[in-house]
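Chain IDs A, B, C and D follow the sequence of writing; residue 1 opens each chain.
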Amino acid sequence: MCGILSIFDHPDAVALMLRGMSYLQHRGPNGAGISAFYNGVHDCIKGPGLVDEVLPPDVVTKRLKGRKALCHTRYATTTDVNSMQPLFAEIEQAQVALAHNGNIPFAESIREKMKADHHWFLTNLDTELILHLICESKAVSLVGKIKDGLKSLKGAYSLVLLSDQEMIGLRDPKGFRPLIIGVLDGAYLFASETCALDTIGATFVRNVEPGEIVRITSAGIESHHFDSIENCARCIFEPVYFTRPDSIQTDNAERGARSFSTLRFELGKRLADQQRANFKLDIITGIPDSGTPAGEGFAFGMGMPHRNAIIRNHASGRTFLATNKALREEKVRVKFNVVKDLVRGKRWGLVDDSLVRGTTSKTTVAQFWEAKPAEIHLFIPCPRVISTCHHGINLSTMGELLAVGRSIEEMRQFLNVTSLTFLPLADLHEIVGGNGHCDGCFSQHYPEEVPTAA
Amino acid sequence: MCGILSIFDHPDAVALMLRGMSYLQHRGPNGAGISAFYNGVHDCIKGPGLVDEVLPPDVVTKRLKGRKALCHTRYATTTDVNSMQPLFAEIEQAQVALAHNGNIPFAESIREKMKADHHWFLTNLDTELILHLICESKAVSLVGKIKDGLKSLKGAYSLVLLSDQEMIGLRDPKGFRPLIIGVLDGAYLFASETCALDTIGATFVRNVEPGEIVRITSAGIESHHFDSIENCARCIFEPVYFTRPDSIQTDNAERGARSFSTLRFELGKRLADQQRANFKLDIITGIPDSGTPAGEGFAFGMGMPHRNAIIRNHASGRTFLATNKALREEKVRVKFNVVKDLVRGKRWGLVDDSLVRGTTSKTTVAQFWEAKPAEIHLFIPCPRVISTCHHGINLSTMGELLAVGRSIEEMRQFLNVTSLTFLPLADLHEIVGGNGHCDGCFSQHYPEEVPTAA
Amino acid sequence: MCGILSIFDHPDAVALMLRGMSYLQHRGPNGAGISAFYNGVHDCIKGPGLVDEVLPPDVVTKRLKGRKALCHTRYATTTDVNSMQPLFAEIEQAQVALAHNGNIPFAESIREKMKADHHWFLTNLDTELILHLICESKAVSLVGKIKDGLKSLKGAYSLVLLSDQEMIGLRDPKGFRPLIIGVLDGAYLFASETCALDTIGATFVRNVEPGEIVRITSAGIESHHFDSIENCARCIFEPVYFTRPDSIQTDNAERGARSFSTLRFELGKRLADQQRANFKLDIITGIPDSGTPAGEGFAFGMGMPHRNAIIRNHASGRTFLATNKALREEKVRVKFNVVKDLVRGKRWGLVDDSLVRGTTSKTTVAQFWEAKPAEIHLFIPCPRVISTCHHGINLSTMGELLAVGRSIEEMRQFLNVTSLTFLPLADLHEIVGGNGHCDGCFSQHYPEEVPTAA
Amino acid sequence: MCGILSIFDHPDAVALMLRGMSYLQHRGPNGAGISAFYNGVHDCIKGPGLVDEVLPPDVVTKRLKGRKALCHTRYATTTDVNSMQPLFAEIEQAQVALAHNGNIPFAESIREKMKADHHWFLTNLDTELILHLICESKAVSLVGKIKDGLKSLKGAYSLVLLSDQEMIGLRDPKGFRPLIIGVLDGAYLFASETCALDTIGATFVRNVEPGEIVRITSAGIESHHFDSIENCARCIFEPVYFTRPDSIQTDNAERGARSFSTLRFELGKRLADQQRANFKLDIITGIPDSGTPAGEGFAFGMGMPHRNAIIRNHASGRTFLATNKALREEKVRVKFNVVKDLVRGKRWGLVDDSLVRGTTSKTTVAQFWEAKPAEIHLFIPCPRVISTCHHGINLSTMGELLAVGRSIEEMRQFLNVTSLTFLPLADLHEIVGGNGHCDGCFSQHYPEEVPTAA
């Protein structure tokens, strides 16, 4: 997962990008970068860490100038600055900055083949491989090279290329990852989600469609398309977990401008509708912040109050060394605190957005038990994650997935909850709406061939 | 308002204080400081800003050592490090670090009188004035000097003094500000609120009572008292606004271990009980984070769903320069984003914890209107703030208070809401419970003489 | 030792002080602070460390404003910010910032007496004790209180007090520590040395005389004096070691505007004149940076070339952990590197400014031997330091002084040099010139009573 | 100009590199980077600025681990982190980190040709072009690919490649830029200069010879060579200016282990020998730090004392905003201060290492005149720089060179000195010694074709 935001030709380009990026940090908390063109010269600051750490506003706005800027937040554990984004590339046509959200399933084998063919790579990124394919094309224009070079590439790639003359945003033909178009003071933007537009006062224009290549120049906006026509395979895990609740689900026109908060509320409510008869609960809470909308929907569906029983701390999450054993182990919880009097003696429904490895949930549940509830019933408003993702979501290896090799009862025991309940896949599809989603992580049915899971 | 946390004789003293402080930052976001004794030597780091900025854990734990530590978070606009806390004082008996939460109403005139008497001050703090009084006493022990020196001092002072030999925590006889006792691994702590104990795994022992002077030494815990017996005047604004929702209301034994989250839920519910018949609403939200418990209670009381329609951003709140006028003015909202589809066309109930100057509420309401709700009804689960505080809460000057010189209708117009409703003072008292609160800010009746308002 | 710089009523006050301070860092590398008055409000930033670390120019100039500023560099090992300077004091007459250079020999006993008398201290500083004495005076004006309060105080104190209305600089009647007056664009300054004036383009006006109290207001400059008339006792170690070579010796009018570089050149030359017949040397170097002027003078006096054989590194002096034993021990020398081909096989004369504890010299000599010189003769252009200082120079305890309890031969063996030669005290006096110096560290004869050495 | 330092297989690799880099900062004050391999994984921190700013030791040593590390200091004005070194490259054989010192004269045209051939570049660096050529080779081993790929490449390239299995250091066949081999605790190092070995206690082994490719593996050291045999063209500007004085001139065996300090002393002495009869001077100083050795040599040759009349400030060189006009203009000199009494009324000889654009010299001379010397004679111990460098030294454009289009008299007037004297080229060659230097900047005769000067 990654976040992208770019703007073409605005006097506040760099300051706007910095602001907007902070709303895409949930898509990439491990690295951040920003590129800008000023008087035709590209400059870039990037590195591992949170946006605020890597890109202090005073430092960035002092150094980076110009009316065109592109930024990226990165979800990855590597820290080598050589593999941070945006990439810079000097190609035949221009100097460009690139940012990529997605994943190429067979990248490793393509890369090995290219290396055997005496090519080389300066980064670990799929982005560079994509650049390879674009540049090898004999087409003349950048759009032409993209259409030509990527025509047979499988995988997920929402991509933005920025030069001093043009800004190009594109989605792969299956449309795995989102990309939208916005406008502010006449300047166009590309963004991963609408919340990044909101925070800088920009207006949502429309989706970049799967397979579409949108080109922005000083002359305006052009739309091009990959020649291949493919079935949509938008990631169904984005609405369930990754997108911010205040972003709008732009991919499903039939649902209108529905926010993901509303979508998740409906998921929670549907689960309540199915399970109402089966549970006697006293009180319900969503695990903050991502589980709150589904929690509120579940509470509404159960006809019961929702209470924020888990208080999130806004100050430091930094860790430190301690000689105190108890401190190091169970009691070390800086991030959350449980409202004890609310919890004691009650039959609780806890709602989380999803269940992947289960380690965070296990810790939260343990902390919750300390406040001595009578029961803890855990509700997950989506199916079990039974397979890894090959298109851009970091769902760990098969071995780390809690649902792999475990029955629901075994999962319940691992998490130490009174009961554990999921929403069926059909309900998830119905509520997310529209056709053409990839639900490989829930179903193990992928829309295109993927490598054998490790 | 300020936050205090201290510990006597624990091997992880400094690391524990740093962690716990982050849970008291809401009481003092403008400054932070920590003192520690190591091999009998006092060292201190303090300055203006947030805990994480002023006290980077790696820097602090590298420099400060020792088993006794005291920290302070500060609510004030001055930045002069000379007036930050903890103070250091070398007195006849020992070297001590001091931290203070409260306010001395007639401090200025006492100070002027002392200066005319050829005394002087190295800080702007009431704390130094208190120190003056303590030191002038001819009593021998530190506890004796405190009892003697402060016997005729009016005002609010919860105070902790830490030396290498003892740790003393005390509250003024009226008990305006809180102070509690905790224990961890056999080491005693003082804290402003229970949440700071929770986060480090410490256990709540009991309240420091109004007028009590609690002394901790290696021999254990002793209790002393000021000779004067006075009526309690605990601040009623603490439960309404300042304390964290996950802290426990320790001052009212009859309510059991009720959290402030629950207390505020009840305030919201009571307001709903009173107003249910008067309003036709579609949906309700508390303004995060402080308005959420009352919002949930209000929604519950109204028999309607509560929805988190205002999403708080966890990344940067830093500002920056922009040439774009619109950006600078209305559209600059980094902190919050509104979930648009939830809001559009609905009759909303917004619940905030209190209404002081009204400027933040006005901005939030304006941002909410942009998402085009049908109506915005604002509910405040406490009375109007009609007078300033002289005992430690920074409630601005009289002229800045929204309720001063304005009818409720004028307040409604200023805030641009459809309606504006408050909870009566009697209901607040009943729900907070117990006798002996200062409600001067709501009633203009103070428990002791105060200066004429500016 | 400490450095002081202040200015009264200049539009660039804060920026000028920051610049000038960097030229006083040699007098106080352990702490730094700056105070300024803006619209009558005092603000202050201070802390342990180097000027650049504690006072980043962008942070300071953003926060501190105003036309009156005072700064201080501090020589001390304590890091408690409560005992950093400038101090702030609110006294009867005004709010003032204070900075002090000097030492009160019997401070501890005065302090103990005051504490027994129910006084107290908020810092460990002699400055606070001086403030005590000033404030206890019943005189009306600040100058009057100074004259009255300090009349019987023994010790070294060059002091600057800054308020929004006046700036006062004074030296104790014996004039142990320097203080000078400068002017820039009509605004007066006080400074410890002339080099701080040079770097900001200010002009040297004159010395503050021993026992003089100079008062600057918007009306101009006034001169007052302590009533007591005492013999001068200017510190003779200042010209030998502490002052920067580019500062001017302002205290000895008969020598004209002689720099300390020239003074030290003369010391080196005199030593050469005395020893020329006794040594056969090939080449000479002063140990940089402080030994260079004397080294050049010694080389000139010997009629031999001076060569910079020891190269100082301008980059990092920071240390780090290493598992490599050799690295940790002898070979770890970031600060200096020896020019090996220059050294090999030669009979070297090394010249250092003085010899106190001998530890640095021992290390430098060891590093020099590695380059395989034939001989190393060490020349010190001042006498042996045989006693501690009680008036402001941090000369360690008696036990740490190399010359205490050791013959010159024993010192030579400790340092591992071929020979070790000092300049006699009479020559030092003659070259420094003027009457009235304190040479207690060289002679154990102090100009006033001092505590028994520890 | 750039600095390189690398080590293969030492437990303190990262800490050692950080220390050593600080001694190569003079070769590249504009950027710094370090790569390390740990458990086969490459990590890298790099960015614009000084070593201490970009690579704080505590941050670096916490993040980078491993026994193999490579670092680079960079001389360039661009700040884009994409074009900082070390580069990372994944090639057929391995993952490698690369660092380069040098310049490819026709890089632009090669790059354009490659781009026209549908290649692309991720950086602006010649290093990437070199990597291109290496990777395109069909040879199997990395050494084989280097020999084959670079066989027809013209230009200056001292290059180090580090992988988890091997470390390769090479110089172009003409040997424009230096590269040496060191050893510490059995681990081999490559470095640009010997001073970097000194500071970490490593021993100089030998030069990498022009055209030599040295390969280090766990099996030991191997030597390979480019097939082409070419005349040496070592840069003559390195000994004159760029190398640190404490580094050893390793390229001229006949001179023994002569330091550049000694070499520059001899240059100054030779100039004195030539000019002794022509000048009546009172006193001589080298402009610190780079002009000091030649200054001492010149003084020795003239039979006159050398005096450090210009004191360098070790604290902040940071700039700041000022409203004071005089301050902004002439008087702003943080870096140097002149010892005024030394200068006044004397006929001075100033010695600088070289004269390129003349702007710094002009400022220093102006500052010197303010101290009122009688005369200022400027001596330069090398010829006039009349042409730009195409092999790695940043000598500005032709238009910026002071000597281009100006007679010596016009240069003298520009600098405002009494006289201006240079050392002839033949003397420079004789003293530097050995055959085979590139003196294009002094003679406009280059050892290979270069682009037409801009």
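In the analysis below, a contact is a pair of C-beta atoms (placed from the backbone, for glycine too) under 8 Å apart; a residue touches a chain by one contact, two chains touch by 3 or more.
Worth saying up front: this structure is predicted, and the values here are computed from it rather than measured.
Following the contact convention of this document, no chain is adjacent to both chain C and chain D. Taking the mean of the C-alpha atoms as each chain's centre, chain A and chain C sit 59 Å apart. One simple way to say how far apart two chains are is to compare their mean CA positions; for chain B and chain C this gives 46 Å.
A separation of 37 Å divides the Cα centre of chain A from that of chain B. In chain A, the residues touching two or more other chains are 58. Taken as a contact graph, the chains are arranged in a single closed ring, with each chain touching exactly two others.
Residues of chain A that touch chain D in their complex: 42-47, 63, 78-83, 87-92, 111, 115-116, 118-124, 128, 131, 135-138. Against chain C, in their complex, chain D makes its touches with residues 10-12, 15-16, 18-19, 22-23, 25, 50-52, 57, 61, 185, 195, 198-201, 244-246, 248, 256-259, 261-262, 265, 289, 292-293, 296, 299-300, 305-309, 311-316, 318-324, 326-327, 330-334, 337-342.
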